[in-house]
Amino acid sequence: MHTIPIQIRFNDVDQMGHVNNAVIMEYFDLGKELFFQQHGMPPEKADFTVMIVHFEVDFQSQIRFHDRIAVETEIEGIGNKSLKVLQRVVNSGDGHVCATCRTVMSGYRRSTGKSEVIPPEIRALLEKKE
Amino acid sequence: MHTIPIQIRFNDVDQMGHVNNAVIMEYFDLGKELFFQQHGMPPEKADFTVMIVHFEVDFQSQIRFHDRIAVETEIEGIGNKSLKVLQRVVNSGDGHVCATCRTVMSGYRRSTGKSEVIPPEIRALLEKKE
Amino acid sequence: MHTIPIQIRFNDVDQMGHVNNAVIMEYFDLGKELFFQQHGMPPEKADFTVMIVHFEVDFQSQIRFHDRIAVETEIEGIGNKSLKVLQRVVNSGDGHVCATCRTVMSGYRRSTGKSEVIPPEIRALLEKKE
Amino acid sequence: MHTIPIQIRFNDVDQMGHVNNAVIMEYFDLGKELFFQQHGMPPEKADFTVMIVHFEVDFQSQIRFHDRIAVETEIEGIGNKSLKVLQRVVNSGDGHVCATCRTVMSGYRRSTGKSEVIPPEIRALLEKKE
């Protein structure tokens, strides 16, 4: 499982005293980015890329400033034009899950501005086990 | 329909040249907050509140720095312990939808730390048409 | 005076109950960006641009979620290779100043990666009164 | 020297391709917070606290997504009602300084809403070497 610790910032915490929901999406974003890099995906500005078209998130327990947390990322499935990513924010102390995110990403070619089949070489990179 | 214009900030736009997905969640967050206020909901720090337990988002078209956009917010349904909020980021120029968010919020009492039935007076406030 | 209203977001407010200092810098950033645009400056990605090399900020009074605020921006001076921008966040209700920012920006050419004299045509644009 | 590594997030980088200036202030903020905690300062919500009244920042070199950076924090001086904090963002690879921040913080009592002399016990905590 691809796992990165997350550094919580002071201003990630809102007036409710817990990490703001929108900020948790930044954590998932970073998890995806580093997962893709580690798997040798072309850089952000390459002509072929994958873009988020849908995500759904369950918020299971609140995160506070002093919590130690990590983001886990794995591929749930790769279709013809899209792939599914499963992620969790987990508490590194006792392992409980704080939030779960399922993301659908679509192959996209910048030069055409259109969605595109995920090429076999990208598929191979993503299916590679860590 | 409860609608607020959104002011896009320079640093909402990431290196891909469009508004970052996590930032779009800040827009939806602000839409909810102002919707609840306008409907007379107790302030953020009241003992009874509603908390986000789930959301799912479709990203339909990219948002750029110079786009004029707005967030629309409405109640989709109110259950016993939860309510559903439907929101859209729309382009104020031609009206196309950039992103759609469905949120499930749960009644929550701070002093007990437990989820709680949505009281009739809150239900009445939220069912009130704008 | 170039003035833009600022839309405060829910998560701009930190656990201290006021708008976080780093977030106030986003307000100043947006003020500069829109000031430059209005004065016809080349877009962000043009080869010649101006970059922030220094700023100093006085925080005079706290900003809360429901405050109505605006950012005022003006040119304080234009030197050979740099320019000085003066900005204030003001409360639109009673006009009191919440924060004052003085920024030094330097002419910069991307293709050379070096600082550069501010060309006469840019100087003319910036000296133009609103 | 109190030093913390900083985790750069994907959306810290703006469309110019470098970490946004306002975001760098979040790094300095986190550095201060953790410095104060390590020195045993009362928590954020204690009645006596210190608040930022002024900062000035030199941006010496751009920060990119893949850079490894750290924030260094030290006390420059403690006056009667204020203290001065010196911070640097340094590149952990070759040690060059990316940004330098000098902050003036003022003693502040929440219950009175007034600035206040820094009490001897707080002064002692801050003067303590790491």
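So that you can tell them apart, the chains are marked A, B, C and D in the order they are listed, and the count of residues begins at 1 in each.
The rule we apply is simple: a contact is a pair of C-beta atoms (placed from the backbone, for glycine too) under 8 Å apart; a residue touches a chain by one contact, two chains touch by 3 or more.
Because the structure is predicted, anything quoted here is derived from the model rather than measured.
Asks: By the touch criterion stated at the start, how many steps lie between chain B and chain C on the shortest route?
Replies: Each step joins two touching chains, and the minimum needed here is 1.
Asks: Please work out which of C-D and A-D is bridged by more C-beta pairs in contact, and write that pair.
Replies: Of C-D and A-D, more C-beta pairs in contact link C-D.
Asks: What whole-number Å value describes the gap between the mean CA coordinates of chain B and chain D?
Replies: Between these chains, centre-to-centre, one finds 33 Å.
Asks: Report the inter-centroid distance (CA atoms only) between chain C and chain D in whole Å.
Replies: Those two chain centres are 22 Å apart.
Asks: Can you work out the whole-Å distance between the CA centroids of chain A and chain D?
Replies: 29
Asks: Could you list which residues of chain D touch at least two other chains?
Replies: 10-11, 15, 20, 22-23, 26, 29
Asks: Please name which positions on chain C make contact with chain A in the complex.
Replies: Interface residues on chain C, with respect to chain A: 10-11, 13-15, 17, 20, 22-23, 65.
Asks: Would you pull the chain C residues touching chain D in the complex into a rising list?
Replies: 15-16, 20-23, 25-26, 28-29, 44-45, 51-59
Asks: Can you list the residues on chain A that touch chain D in the complex?
Replies: By the definition above, chain A touches chain D via 5-7, 9-11, 26, 29-30, 33.
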